[in-house]
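So, here's a batch of structures to check.
Shared between the two complexes below is chain A, which pairs with chain B and chain C, respectively.
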Partner chain A sequence: MSSVIVAGLVSGSIYALIASGLSLVWGALGVFNFAHGALLMAGAFVAWFVSDPAGLDLGLTAGVLTSMIFMIAAGGVLYVLLVRPWLGKPAAELTVIMTTVAGAMFLENLALYTFGARLKALDQVVTGTVSVAGTAMQAQNLLVIVLAPVLLGGLALFLKLSKHGLAIRAIAQNDEAARLLGIRIERTYFLTFAVSALLAGVAGVMIGGLFNITPSMGSDPLLRAFLVVVFGGLGSLPGTVIAAYLIGLIEAASSYYIGIYWTPVVLFSVLILVLLVRPNGLLGRAP
Partner chain B sequence: MTNSDTILAVKGLGKSFGSLVAVDDVSFTIRRGEILGIAGPNGAGKTTLFNLLSRNPIVADRGHVIFDGQRIDRLSPHRIFRAGLARTFQKETAFFKLTVAENVRLGAVYGAGLRGAAANAAVNAALEMLELTPLKHQEAGALTVYGTKRLMIASAMVASPKLLLMDEPASGLNTIEQAELKTLILRLRDQGTSILLIEHILPLLFGVSERVMVMDFGRKLTEGSPAEIARDPRVIDAYLGGVNSESAHAA
Partner chain C sequence: MSLPSTPLRLAAAVVVLLLAILLPFVVTGGAAKNLVVLALLFAVVASNWDLTLGYAGIFNFAHVAFFGIAGYVSAIATIYFGLPVWLDIALAVAVVAVLAGVTAALALRLRGIYVALVTFAFVQLCVALIISQKWLTGGAVGLVGVPDLALFGHRLSPSGPDYLILAELLLIASTVFLRFLVRSDFGLSIVALRDNEAYAVARGISATRQRVLAMVASSLFTAAAGAVYAHYLIVASPDVFSFSLTTLILSMVLLGGGATIYGPIMAAIALTVVTEQLAGFGVVRFMIIAVLIVLTLRFLPGGLWSLGERLTVLRRNSKQGIGA
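Coming up: the complex of A and B.
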């Protein structure tokens, strides 16, 4: 039972980090970034390349810090190249799906070409096992469980209290009124993508410390994050976080008690039933 | 043309959209501490005039605007706001999922460029002025229509503007709220803010304005005291679409 909860919390933590970035972009710009999973992969690869003896061998701290800086820049560049040219044009939402899918494919193949197909893994930030309330778990798992809420809390405070966070929330509701108030929309969109990519990078580093790093490692988390965002309510950060942990726990419980092959059936049954009752998701509101 | 008693002097302002002349050679002045009303039928160019004065979201093709002794018709919208010319919008520009205080804070931070304690003080003062303090933590979407109107005014007043442009603040209000709004507008004026007021509800417009300017087809039709405007046949024609003059000819 306790191991199921630990597994659910680890998955939920990672889903929450990925999905909150996705939700942030959706809320502010109304577009879905299909390159979000590839950003996660890029964050893991950069951290690995800088830290691993097969790369620059500068140590894990340097790898993680470099990855975070790289992700902020990567998010901004992705926005400028793949999203900004289409905003305000007819069917921008559909065009951005195509451009970000193309961006994801480019990044994945770039990683494959540059680093090869051999499986890689990041060193764990903390090693060994710890016992919490009588439950033994990997120290890295505990770090993920503790760090994710801290980062999500930081994100919530940034959105609630900072000037730029207030602007992101304002634009998410009424970009025209925000423009009239003097908020620089494009700069805020850029920032939104940078923050979103940073969260994806953190998730990539976490996954890289627990599992393998591969060029396609972002595909499955992206699908999960999409489910989380819809389940939680489009654009709702609290809904996204709650949904992430619920899905993580449902998956873990279903895999343990029913079987891993039945997990998608159980998960999608729950999601569909909830969305039938609450079509806008757990905390989403009617547009 | 301008002197220290003049807060705003507009000369030959114009804007065209293709062959449509939306604002045509409009000139007027406002004195410090004055409320100048603007009346005119729909499509007369009143809101476009506000857009040109604030350069938000469109700019004039011709003419110039001197505000508080400074030419502002080439400044960016936020510089105009920070110079002391604020406006409210006809459409609702509140952010309904943000709290009342957060809405006003956006005006303080992005409009007025205030930071930290100065922003907090300005937000609290604006909330107090518009009697929104008890509602500051409430989501703006839960406000009444009049509450939303006051919130939009608070977001503009947070910068302590010298001149406030108000675009149809009474639309959607009942008669009791209109009376409260009238008191509020006069109070803002008494506290030192000059006001340029567009309003379709003429009893309110005439009740607060020292002078009224009437526009029609993008042009300034006439200007005078409310009493003079009320009996001006050109104004009656503009509002009634020529019915008055046709009736007169028929008679």
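Coming up: the complex of A and C.
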């Protein structure tokens, strides 16, 4: 029972980090980034390359820091190359799906070309096991469970209090009014992508420490994140976070009690039920 | 959309038909023939996807899954139930059409991007079910042993031109069907719903019914192609549900030009050939294709087909003395 909860919280935390980035971009720009999973993978590979003895061997701290800086830049570059040219054009929604799918294809094959298909693993930030309320777990798991809410809380504070965060929310609510008020919409879009990529990078490093690093490591979490954002309502950060933890817990419980192969069926049935009752997700607004 | 004049179109049709008749005689090498069969079948899938994506504006990302499911229906019907060949293809089309209708009815309660995400999730569900139900589907290996098709006692052999001709006929039938559909009142109604739903509904068009019908219509020839594909490869494999095949076929639709039907067909053939030409580059070829996709979307947003349209307009304008 308690191991199910731990597993659910760990995957819930990771899904929350991934899905909140997707949701943020959707809210501000009205586009969906299908390269989000590939960004996550890129973050994990950069951290691995800088830290691992087979790479630059500079230690994990340097690896994670480099990865974070890289992610901010990568988010910005992705926005400039794959999103900005099509914003405001007809069918931007569909075109950006396609350009970001192409971006993901590029990044995954670049990783495959550069690093090969062999499995890699990142060193764990903390090692050993700890015991919380009588439940033994890997320290890395506990770190993920604790760190994700802290980061998400930080994100919420950033959006609520900082000038740039307010700008992102203003654009999400009404971009014309935001423009009239003198918000630099271009710069804010850039920032939104950078923040979103940073969150994906953190998730990538977490997954890299818990499981393996492969060029296609981003696709499964991305597909789960799709379920999460639909479930919680795109553009709603609280909805996304709640849905992420719910999906994480449902997934862990159904894998444990029903069987791992039936988990997608369970998740999909829950999703259909939610959407029949609330077509815009748990906390989503009508578009 | 400005289409070429009638004599020009007639000439184009004749040329295409001549090419279709010549093709089985020209392409005789094993690898080249295999490539052409795949290109033609993918052209069917891509052009049918254009009906929902381009004309109806529905983000149905489960389209390629229809292709895959049809293969499995056909494989299961022939291997386990001994259904005669051809009948299993009809069964596959029927099953997939019903499935498409149900999926559409459920998914189209949603809007835009949500449809894309839910249909994506649906594909994952299919993969999970197929891989887990090993006793029925053969799991990750696939279901091997789909019998060859036969006509009047003559077995269609993969080494002869038979499957190439079959794929050609399928593509021609599918294209005639699609072009008829998009030029009919039904086609106009789904375009109207795409462009201005409120107005279309006010004019008495049922949004849900037309969209569900569009999904079902787009699934028919896709399913037939999927069943033929399984017969051709003698296997129904979970690989067809992979993200990369969906990406490939989606790029055919967008590179060719949405809402044209002909564009995706051209792009399907071009892209299959280009991918093969770049085979020597290994994984780098996918990076090249990704860059090509982005560049095309950037500088030729209407796809390859719009290039032809632009030329036609230029020619017409210069003829009338408006200036190029």
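Going forward, the second predicted complex is superposed on the first by the 287 of 287 C-alpha atoms of A that agree within 3 Å, B and C clash if a C-alpha of one lies under 4 Å from a C-alpha of the other, contacts with A are read in each partner's own complex, and residues count from 1 in each chain.
Criterion: a residue touches a chain if its C-beta (ideal position, glycine included) is under 8 Å from a C-beta of that chain, and two chains touch if they have at least 3 such contacts.
Note that this is a predicted model, so its numbers are computed, not measured.
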Touched partner set for A:86, first chain B, second chain C, both or neither: second
First (chain B), second (chain C), both or neither touched by A:183: first
Touching partner for A:268 - first (chain B), second (chain C), both, neither: second
Partner chain(s) touched by A:26 [first = chain B, second = chain C, both, neither]: second
First, second, both or neither for A:219, with chain B first and chain C second: second
Partner with the higher number of touched chain A residues, chain C or chain B: C
First, second, both or neither for A:174, with chain B first and chain C second: first
Chain B versus chain C as contact partner of A:99, first or second or both or neither: second
Residues on chain A lying within both footprints (that of chain B and that of chain C): none
Sites on chain C touched by chain A in the complex: 53, 59, 106, 109-114, 116-118, 120-122, 124-125, 128-129, 131-132, 243-244, 247, 250-251, 254, 258, 282-284, 286-287, 289-291, 293-294, 297-298, 301
Chain A-touching residues of chain B, taken from the complex the two chains share: 56-57, 77-78, 81, 89, 92-98, 102, 105-107, 109-111, 155
Touch list for chain A against partner chain C, complex: 26, 32, 81-82, 85-86, 89, 91, 93-95, 97-99, 101-103, 105-106, 109-110, 112-113, 219, 223, 226-227, 229-230, 234, 261-265, 267-268, 271-272, 275-276, 279-280, 287
Parts of chain A lying in touch with chain B, wherever the complex brings them together: 163, 166-167, 169-170, 173-174, 177-183
